[in-house]
Amino acid sequence: MSLINTQVQPFKTTAFVNRDGGKGEFIEITEKNLHGKWSVLIFMPAAFTFNCPTEIEDAADNYAEFQKAGAEVYIVTTDTHFSHKVWHETSPAVGKARFPLVGDPTHQLTNAFGVHIPEEGLALRGTFVINPEGVIKTAEIHDNAIARDVKETVRKLKAAQFVANNPGQVCPAKWNEGAKTLAPSLDLVGKI
Amino acid sequence: MSLINTQVQPFKTTAFVNRDGGKGEFIEITEKNLHGKWSVLIFMPAAFTFNCPTEIEDAADNYAEFQKAGAEVYIVTTDTHFSHKVWHETSPAVGKARFPLVGDPTHQLTNAFGVHIPEEGLALRGTFVINPEGVIKTAEIHDNAIARDVKETVRKLKAAQFVANNPGQVCPAKWNEGAKTLAPSLDLVGKI
Amino acid sequence: MSLINTQVQPFKTTAFVNRDGGKGEFIEITEKNLHGKWSVLIFMPAAFTFNCPTEIEDAADNYAEFQKAGAEVYIVTTDTHFSHKVWHETSPAVGKARFPLVGDPTHQLTNAFGVHIPEEGLALRGTFVINPEGVIKTAEIHDNAIARDVKETVRKLKAAQFVANNPGQVCPAKWNEGAKTLAPSLDLVGKI
Amino acid sequence: MSLINTQVQPFKTTAFVNRDGGKGEFIEITEKNLHGKWSVLIFMPAAFTFNCPTEIEDAADNYAEFQKAGAEVYIVTTDTHFSHKVWHETSPAVGKARFPLVGDPTHQLTNAFGVHIPEEGLALRGTFVINPEGVIKTAEIHDNAIARDVKETVRKLKAAQFVANNPGQVCPAKWNEGAKTLAPSLDLVGKI
Amino acid sequence: MSLINTQVQPFKTTAFVNRDGGKGEFIEITEKNLHGKWSVLIFMPAAFTFNCPTEIEDAADNYAEFQKAGAEVYIVTTDTHFSHKVWHETSPAVGKARFPLVGDPTHQLTNAFGVHIPEEGLALRGTFVINPEGVIKTAEIHDNAIARDVKETVRKLKAAQFVANNPGQVCPAKWNEGAKTLAPSLDLVGKI
Amino acid sequence: MSLINTQVQPFKTTAFVNRDGGKGEFIEITEKNLHGKWSVLIFMPAAFTFNCPTEIEDAADNYAEFQKAGAEVYIVTTDTHFSHKVWHETSPAVGKARFPLVGDPTHQLTNAFGVHIPEEGLALRGTFVINPEGVIKTAEIHDNAIARDVKETVRKLKAAQFVANNPGQVCPAKWNEGAKTLAPSLDLVGKI
Amino acid sequence: MSLINTQVQPFKTTAFVNRDGGKGEFIEITEKNLHGKWSVLIFMPAAFTFNCPTEIEDAADNYAEFQKAGAEVYIVTTDTHFSHKVWHETSPAVGKARFPLVGDPTHQLTNAFGVHIPEEGLALRGTFVINPEGVIKTAEIHDNAIARDVKETVRKLKAAQFVANNPGQVCPAKWNEGAKTLAPSLDLVGKI
Amino acid sequence: MSLINTQVQPFKTTAFVNRDGGKGEFIEITEKNLHGKWSVLIFMPAAFTFNCPTEIEDAADNYAEFQKAGAEVYIVTTDTHFSHKVWHETSPAVGKARFPLVGDPTHQLTNAFGVHIPEEGLALRGTFVINPEGVIKTAEIHDNAIARDVKETVRKLKAAQFVANNPGQVCPAKWNEGAKTLAPSLDLVGKI
Amino acid sequence: MSLINTQVQPFKTTAFVNRDGGKGEFIEITEKNLHGKWSVLIFMPAAFTFNCPTEIEDAADNYAEFQKAGAEVYIVTTDTHFSHKVWHETSPAVGKARFPLVGDPTHQLTNAFGVHIPEEGLALRGTFVINPEGVIKTAEIHDNAIARDVKETVRKLKAAQFVANNPGQVCPAKWNEGAKTLAPSLDLVGKI
Amino acid sequence: MSLINTQVQPFKTTAFVNRDGGKGEFIEITEKNLHGKWSVLIFMPAAFTFNCPTEIEDAADNYAEFQKAGAEVYIVTTDTHFSHKVWHETSPAVGKARFPLVGDPTHQLTNAFGVHIPEEGLALRGTFVINPEGVIKTAEIHDNAIARDVKETVRKLKAAQFVANNPGQVCPAKWNEGAKTLAPSLDLVGKI
């Protein structure tokens, strides 16, 4: 069964985050951190590899827009937070990140989101948009050779926020902020 | 566990397809139809509803590009092929479709792809890119109020095809046809 | 074991009903709707097919008699209520119906009444007369190629009502309203 | 699950039959007797009771028509064949029967056809039309206070025979011998 | 294990009894009817057969003696009470019976007394003497081709009553009413 | 289920037998001894007690008749064959026995014939007539305070032998050697 | 695991005892009889056999010494108390016994003391010394061809009583009443 | 169930033996060592304790007689063979032993002979006489405070050897070498 | 899973200890003795063997240092405390020990610490440092042919005590009392 | 049970190794790599942390001695080989290592050697000496705050090699290369 519209399971782990270009800090992250605002979880296979820095950089380049939408971004790999700190210090791309780099060495998160690869101990490329009640609204998972486009994640986040804020309306195909939505009704049945 | 990199399970059902604007036909569809070329399966909740026609229209508008990439598109709902024929005849949006509208009244496909909603008997909005060996390469699932953007599906399909055709290369973030790719090597470890 | 003299199991689904030739409405139907008056449940395979409209038309033509007998008629298929609305609008035969067309996409009802065909996801042609306590009094199930005769259902309903209202009497073979009944007694044993 | 389109289970029992108004005979009956011609099984509660003789008489009055249609009639109760012989000798109504009166004291048949009432050791009023391959095509079961109309059984038998003999056609509502049938086709979908 | 000295299990069924040569009546019989007086249960295979009437006649010829001993006689077959009424009316031998003819179509009694023949649905010839507390004191079961002698049942009943009324005494071999009994004691051990 | 018409289970034990008034001998007895001639097994509670010697004496007095009928008699208790030898030597009544006194200290036989009393380790008074194929034809079991009458056992043995030798005939109530028997036929059904 | 230092299990049976050369009596024996004084249980195979009388005689010859030590002797076989009475009357050796001869036809005791031979239904030669709390202190079991020496049982009983009465002392090898005992202490470790 | 007349289970361990007053040796002991001659196994709780040396000394004092009877003696404790060597060197009593002192630190032997005390890890005082086929013929087990008398073990060994060598004879109570034995026969039953 | 950072399981056994060169004493030891101070458990295979005395002597030579560190030393083998006393008296090396020699004949401790060799009934060479809360902090286990060096155990004990007393610091490689330690901090991550 | 003297379980993973100060390489490591020469596996918690580099440096400083002894050293953490490469490049201490740094992101090795901490996803500090047959000879596991001393590992390796090469000898306490060993013999038992 799909994870869509289910609650994020309880978890506890440690992240490295450098919000201001200083030396950063280690913070504890649990499912409680996902309550009260929108969250975007972005899983990727491993620190110090190839596509991953480009995806983090893409997220960093769009971080202002996520923030404007009131959403936090979390990068997750099965590495430790120690590796994440060093990665942040040594990679120019990763160094742009101002959001948490979450370590999942216990594989709690990768298993809970169904993106664990048992024979490698690493995550698939999975992106999840989660609402302020901790309920998963969209899921997107790729074979690791195929990277994502953060613009599309922004679009999904905004569509999810729009329908959350406008009960009785739905976002049609390729909807973008400001575009027309639909209000389902008996009259429309069979008419579109 | 994720469906990514697993084989599509055997199934058998009936679809309505109108390839030429004539009166169309009913055809049997099984997992064997997915072998030998790329496939895109697009699940949606129900015929005669609201977002679904807009998504089918979006797919129809991009169908030429799918065809150029050698991929077939399949729309799937838990309705019968009888309903699909009538939908195609009565909806201006759906009537544009030249690809199969697959009926899944037995819920075989929605269960096999993990998009079934038991308490409604309907599918979630799920899109799957499948390679010519019948292996799932990308998955995307939304809450039903949030529609998809077919452009992003086209991008994923092309990235999946590129890495299939170019072993040893990976597609970085927001890659689009023609953009630069990466060739992982020891030297690049920790350097991006 | 037979369903005869057992209680209808709890269920919940949505029907389309057009009582007055207006645009109709969607209503929720549960086992509670069957309490307090006689009900006739008529299962059939699928909207937009062949025999089904003729059977609905036959029911519509006899609906006045059902109403006079204080009974409601329910048509049930495994389609959605969305399909039922469109069917009602587009089929001249189905459009005559002033009773609920019940959707059963979750297969709850077809399974509970033992008329589900698992390999098709559709219902057999089954008719059930149910008393105001929600107890099934007669059952009739056909292979789908063989349609029913609503006159016979009217006869069964009236016989069921007669014996309910006249304890100590039974309706003999081919009884019709107004015909003679039998009062079982020791004297009659072995004498008929 | 319904018995429709399932094979009759193996059984073995003894019947009394008086084909010519002579003294009759006891014959063994098994599922093999049902192969090669159409059969109508008519279950009823008990010898020497009230409605049952009227139903047997009704069957006897229509026996010529069953024979013309190449079908055999079997009356079944949980009594012994000894009781059936005496019943036939002493009841004017039952005495008209020229078809087998089948004893089922082991309850094999009543259980196999789902018409057994465990707390009484008797059968419900059940009628089954069975094709020459031993496959059940129609079923009809009543609370015991409500008798059947053999005319309707004749109609079902003939409809079942018609569609067996005319593949590709179906019998619409209230079809009777000679009436119009339907040939399902793509063109008719959504048009009736 | 033997049924001797065990309690009769609860049961409920219907009997036909004609105590006075009138038209008789149907009465409900349960294990409670066996409390408060001595009972003799006589199982036999089927109404309208061969040995059974001779055994009922034998019981009827000795009924005065049973009554003098304060015992009731019950004939039990797996037929219905309807068959029993007709049997009583049509058989000169059975017509002599002034004690209940008990129907056991549910097979409760034949199973509880271990005399059921599953492959026939009939009882073996079994006779049981039961005391006023509902406890079985003697059992006798024959292959159905071998009938019983009621005189021996009378002898057993009287011996059972004698030892019940005379604690500390036992009835020796071939004891008959009035014959000498034995009072077991230490002195007699090894001395007879 | 009854033991009637079942095969005697395998067993092995030791008996004391004194065929000629000499000092007797110990012999092994198994189920094989019961094949090839008719057998009568007579269980009783314990050596050196009260009714038991009278029953053995009764059997001894009738032994000539059993022998004439080609049948062997076996007395069985849960005592050892050692006790049986002493009993035979010290009891005037038991000393008349010229047939085996079978020891059953392992409780094999009392359990196999369903006459074991677990809380006493002793047998109930049970008599079984067994045919030359080792099949049990009649059973008779009493509370231990009530002794049997060997004359009735002789009657049963002869009836069992008669029907074995005259297939198609049955022995009616209180049949004794030379009396009339019945040949069941269709004509007799319901006529006796 | 050994029975040594375990509690005797509950049991109930009947014994024959002749304390004074009179005619004796039957008494009930349970595990409660073993409480409050020392007991010696002597199992043997069967009444009326060969070694058993010599062992009972040996016990009788030493009974005064058991009584002086405040201990009761119990002979146990799987025979009944009836056999025991006759054995006591007819055997000169057994007739000397003034202690209970316990019957165990239910095999409760032989099983509880682990001396049962299932394929014979008899006991092994087992002797058990039991203290006034019902706890087994010594056990001795022989193949049945090898009899015991009661003198050794007397020695064990007295040693068991000595250590019970003199906590902190133990009886060394071949200890007899009056001989030296040992008081274990740290000093003695490794010094004897 | 008793170990009497069962086969010794397979085992493997190490013993210390000093046959000639030299420095002794370590030898492997298995169940194979017990085949071909009579064996006496003497379990005791622990090296360096109190009663144990007195029992070993008692065995040593009688060793010539065991040897004359062709039997080997084995002392067993749960100590190691290392402890046994030291014990033999340091204890004047134990130093007399010319037979194996068997170590059982794995508890194989104490468990197999049912003399293990789980809460102490030590053996009870158990003596077993075993025949040359490895079958246990006598068993004797004491609470550890009560030592044995080796003379009685010698008596049992000789009785066991006598009946093994003289089939058809048994050793009566308190039999000693040279005393009269009994030959069981029909004539003796009930006569001793 | 490792025992590190788990609680010592409950146990109860007896040790020999000679604290002052007197005659020593037997004391009970349970897991409670390990609470309130640091403990070092040293398992070894068997008393009276080869490497074991050299290891006990090594521990004795370092005992002053253990005492200064407030730690108690426990030697454990599967021998009894009786053997331990004799060992202490007869071995010059073992005689130096002033700490408990713990007997484990029940194998409780060797099993609880995972050092039991089932096929020998002996312990592996295992050393465990346990803190005053009864939690195991270091473990070291060798094949029995390879002895340990107590100096390294002293080093581990002191390192364990240092980090217990100085939260926030860790002991780096080959740390010895007085050497530099490390205080983990964000700054040090990736810098050593 | 201890891992001592058990075979290393099959595994497969990737290591980073830089044997010559060049840029290094990624190599696959399985249990087969451990066959044919001695191995030392050194588990530690995580790359980029505090004690771990000091322990790797300690191993590097002693690597010449390991090589002289024909042994390979393997460092194992649950990090990826990607992290290990970066760690080697960025840490002066780790950069000294010329032996494999093994990644265990699947937790295969940490689980197989019993050093996994489930709630952290990291390894305990565990060191294992493994012989050329893949059998574990010594184990040493610490709480993570307590680092090891590689000198002691060298001592254990050499002792293990010595006893492997000199069957019949054992290494006594604190043995170092060249020191005296012991040859166990009967004479030495109880003499050291």
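Each chain gets a letter, A, B, C, D, E, F, G, H, I and J, in the order it is written, and its residues are counted from 1.
FYI, a residue touches a chain if its C-beta (ideal position, glycine included) is under 8 Å from a C-beta of that chain, and two chains touch if they have at least 3 such contacts.
The chain list, named the UniProt way, goes like this: A, B, C, D, E, F, G, H, I, J = Alkyl hydroperoxide reductase C.
Keep in mind that this is a model prediction, so the values were computed, not measured.
When the partners of subunit B are compared with those of subunit F, the chains appearing in both lists are D.
With steps allowed only between chains in touch, the distance from subunit E over to subunit J comes to 3.
Superposition of subunit D on subunit H using C-alpha atoms only gives a rotation of 145 degrees, nearest 5. For E-G, the equivalent interface among the listed pairs B-D, B-C or H-I is B-D, as over half of the contact pairs agree by residue number.
The geometric centre of subunit B is 83 Å away from that of subunit H, both derived from CA atoms.
Centroids built from CA atoms put subunit D at 23 Å from subunit C. Separation between the centroids of subunit A and subunit C, computed from CA atoms only, is 51 Å. Averaging C-alpha coordinates per chain places the centre of subunit A 78 Å away from that of subunit H.
Within subunit J, contacts with two or more other chains are made by residues 48-49, 82, 85-87, 90, 118, 189-190. Per the contact rule defined earlier, chains pair up in contact as A-B, A-C, A-I, A-J, B-C, B-D, B-J, C-D, C-E, D-E, D-F, E-F, E-G, F-G, F-H, G-H, G-I, H-I, H-J, I-J.
Interface of subunit G with subunit F (complex): residues 46-49, 78-80, 82-83, 85-87, 90, 104-107, 118-122. Subunit J makes touch with subunit I in their complex at residues 1-2, 4-5, 48-51, 53-55, 57-58, 87, 90-91, 93, 114-116, 118, 124, 126, 137-152, 155-156, 159-160, 163, 170-175, 182, 184, 188-192.
On subunit H, the positions that touch subunit J within their shared complex are 23-26, 82, 85-86, 89. The residues of subunit I lying in touch with subunit A in their complex are 186-187, 189-190.
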